[in-house]
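Structures are listed in the sections that come next.
Next, two complexes with chain A in common: one pairs it with chain B, the other with chain C.
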Partner chain A sequence: MSVSQVTDASFKQEVINNDLPVLVDFWAPWCGPCRMVSPVVDEIAEEYESSIKVVKINTDDNPTIAAEYGIRSIPTLMIFKAGERVDTVIGAVPKSTLASTLNKYIS
Partner chain B sequence: MVDPEAPSTAPETATTNGSGAPTMPTVELDASPLPPPTPPTPVRDVIIIGSGPAAHTAAIYAARAERRPLMFEGMLAAGVAAGGQLTTTTEVENFPGFPGGLSGPELTDRFRAHSIDAGTDILTETVASVDASSRPFKVTTEWGTTHAAHALIIATGATARRLEIPGAGEAGPEAYWQRGVSACAVCDGAAPVFRNKPLAVIGGGDTAMEEALFLAKYGSSVTIVHRRDELRASKVMQRRALAHPKVRIAYSAAVDQAKGDGKLLQSVVLKDLKTGAAAEQPCNGLFFAVGHVPNTAFLGGQVKLDADGYILTTPGSTRTSVDGIFAAGDVQDKQWRQAVTAAGSGCMAAMELEHYMAQLGERQPQEEPASAEPVTAESVPV
Partner chain C sequence: MKKQNLVSFSKNLEAMRKFSETYAKRTGTFFCADNSVTAVVIEGLARHKDKYGAPLCPCRHYEDKKAEISATYWNCPCVPMRERKECHCMLFLTPDNEFASDLQEIDETTLLEKIA
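Then we have the complex of A and B:
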C-alpha cells in the first residue's frame, strides 16, 4: 500500500483533523537520506495499518507547513495525535527506532 | 547539512536487496530461548565496500566474471545516502551517455540496478571495521555482523567538506544548499542561476583557486573568502587568481551567514576575523573549497594511506599495500574526482581482482561453507 502525500492545503484535513495518530514524513526530492528512510516509512505504514495513518509531505512544494513546524533538517518524522504534534524524530533512523517511538502513542 | 541521528546499536530486522543473502533475525527482548544459530556465511570471493560509480562498476565487472560480489552500500555511511556524492548533486550533465543530463540520484539508481542485474548482492549496511590481519579478510558491520572474503575492493569515496553556516544547510525556510550553495564548482558552476552573478568561494588552497578561476568564466565576480592572511595555494595558482580581473580575495574573513529570498541565495554576511566587523554583500553562489575527507577511518590503519588520508595505490593500478585489497574511486584519488574517472577505476579494480584470484586459485563455494566432505568418485561437493 502506498503512503499518500499531503500538501499545505490538505495538511489540516488529513493530519490535524484525523482521529488516528498520524506519522508525517517531511522529505524533499533531492535529499538522499530521505530516500533511504522512505522504504522504512512504507513498511511502518503496512505494519501499523489499523492503528496509525502515515503521510508524506514534500517540503520543496509545501514551504508553509515546513516553516510552520520549523523543519530545519530532513528527513524529519513527526507524530501527531488529536491535532497536536507529540513527537519528532530527526534524520533517517532505523525501523526499530521509529517503531518504538510510535508504540508510545498507540493505545 | 542533513543531520542523520546516530543509528541505533540494537540489531534489527533487515532485508537485503539481491538474492541469496539471509534476513537477520529480530532480537526480541522477552524471548527466553536463544534463536537457532545462523548458518555461517560462506567466504565470498570479494566484498565491495562503497556505493558510488567506482563500487558499482567494480561490482558489475566482478559479477560478470561470476564472482558473486557482496556489496555494502552503507546505511547513510559518512552521513551520505547510498549512491555517494552523486546523491547530493542535482543535474549530472557530463557523464557520457546521457545527452541532456540526468539527476545524480537517477544515475546512482541506474548503477545500482545494473549491479543487481549483473549478479551482485547488496546489503544496506555500513561497514564499521575490517580485519586484514589474516585471510580471508573479515568485514564487520555497525550491527555487529561479520562477513569474510578472499579479496576486498574499497570504494568508499571522499566527502567534500562543508562548513556549518546558517543558511547554507538543507532544510527549513532559510536553507540554500543546492540553491546557491554548493561544494563542487566544476559540477554546478555552469548552471544558469550563477550566470553573470556575484559568486564566492570559501577556501585558500589550490582547489579554491581553481574553482574561483573556473567560476570567473560564468559569474560577474568571484570573491575568495579565506580565514587566514595568506593563501596556501601554490604560487602559480595564487598569481593566476590574483591576476584575474573578476577575482578578488577577502583575507582573514569568513562567511557568517547565507541569506536569500526563500528560494535562492541572494547574499552572504562576511565577517572580518580580525576586527569582528560584519558586512553583507550580494552573492548568488557560494562554493566550499575546503578540502575532502576520504572515508578511510574504518580501515584502522591496516592499509597504507597518504598524508591526507587517501588510500595509497600503485600508480596506474588499484593495488594497495595489502595483497588482495584494491582501492577504487575518490578514496584513492584526490586529483580527478569525477564520476567517470571513479567508474574507470572500479573497472580496473575488478580486473585486477581477476588476476589476483587466478593467482590464489580459489573458487567461491556455491552454497555451503567449505565442508569436510571428501571428494569421491560418486560425489564432488559443489
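Then we have the complex of A and C:
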C-alpha cells in the first residue's frame, strides 16, 4: 500500500477531520535522513492499516502547514488524534521507536 | 533548467562534494553507510548554493531561506556541527554512530548515480 501525499489544501480533511489517529511524515526532497525514515513509515502504514492513517507532506511545497506546526528539523513525524497533535518524533528513528510511540495512541 | 544553470549547478555539486570530503577528514567524521543519504544531502547543499548563494542545510524547514542564509547559523557546516559535531542531516557522522561507514570520500560517479 502506498502512503498518500497530502497538501496545504487537503491537510484539514485528511488529517484534522480523520476519525483514526494519523501519522504525518514531514519531509523534503534533499533531506538524507528523510530517505531513511520513509521506508519505515511505509512499513508502519502497512502493519497498522486498520488502526491508523499514514500520510506524507512535502514541506517545500506546503509551507503553510509546515509553518502552522512549527516544523524546523526534518524529517519530523507527528501523530494527530481527534484533530490535535499529540506527539512528535524528530529525525530518522528506528521502527521500534516509532511503533512504541504510536501504540500509546491506539485504543 | 537552462544550460547556463546546469553548468553552475554541476560546478556547485563538485564544490560541495569536495567540501564534504575535506570537512569529514578534518573533523574525523564519516559518511553514512547508505551513500544515497550522502549524495542527496550534497545535492541539496549544491542546490541551495546555486539558488541562494550559500549551502543552507537541506534538512531543515525555513519560512524564509534568504533570511536564514544571512543569519548563517544553518549554513553548512552549521553551528551545531562546528561546535559539537552534530549533523542531523547525517552527512558527517562521528565513528560511534551506528550508521557511520568508514568512508570519507564519495566519487563523482557514485554521487551522480545516486542523485539521478
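Note that the second predicted complex is superposed on the first by the 107 of 107 C-alpha atoms of A that agree within 3 Å, B and C clash if a C-alpha of one lies under 4 Å from a C-alpha of the other, contacts with A are read in each partner's own complex, and residues count from 1 in each chain.
One rule holds for everything that comes next: contacts are C-beta pairs under 8 Å (C-beta built on N, C-alpha and C of every residue); 3 or more make two chains touch, one makes a residue touch a chain.
Source: prediction; values computed, not measured.
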Requested in this report: Label the relationship between chain B and chain C on chain A in the superposed model as either fit or clash.
Outcome: clash
Query raised in the report: Which partner does A:G32 contact after superposing on A: first (chain B), second (chain C), both, neither?
Result: both
Requested in this report: Determine, under the contact definition given at the top, whether A:G83 touches first (chain B), second (chain C), both, or neither.
Outcome: neither
Requested in this report: In the three-chain superposition, say which chain, chain B or chain C, touches more residues of chain A.
Outcome: B
Query raised in the report: Once the shared chain is lined up, is A:V93 touching chain B (first), chain C (second), both, or neither of them?
Result: first
Requested in this report: Touching chain B in one complex and chain C in the other: list those residues of chain A.
Outcome: 26, 28, 30-33, 35-36, 59, 63, 66-67, 71-74, 91-92
Report summary line: chain A residues touching chain C in their complex are 26, 28-36, 59-60, 63, 66-67, 71-74, 91-92
Report task. Over in the complex, which chain C residues touch chain A? Could you list them? Result -> 32, 34, 36-38, 40-41, 43-45, 47, 58-61, 63, 88-91, 99
Query raised in the report: Which residues of chain B touch chain A in their complex?
Result: 2-5, 7-8, 10, 12-13, 75-76, 79-83, 87-88, 90, 103, 105, 124, 169-173, 175, 178, 262
Report summary line: Contacts from chain A onto chain B in the complex sit at residues 26, 28, 30-33, 35-36, 59, 63, 66-67, 70-76, 89-97
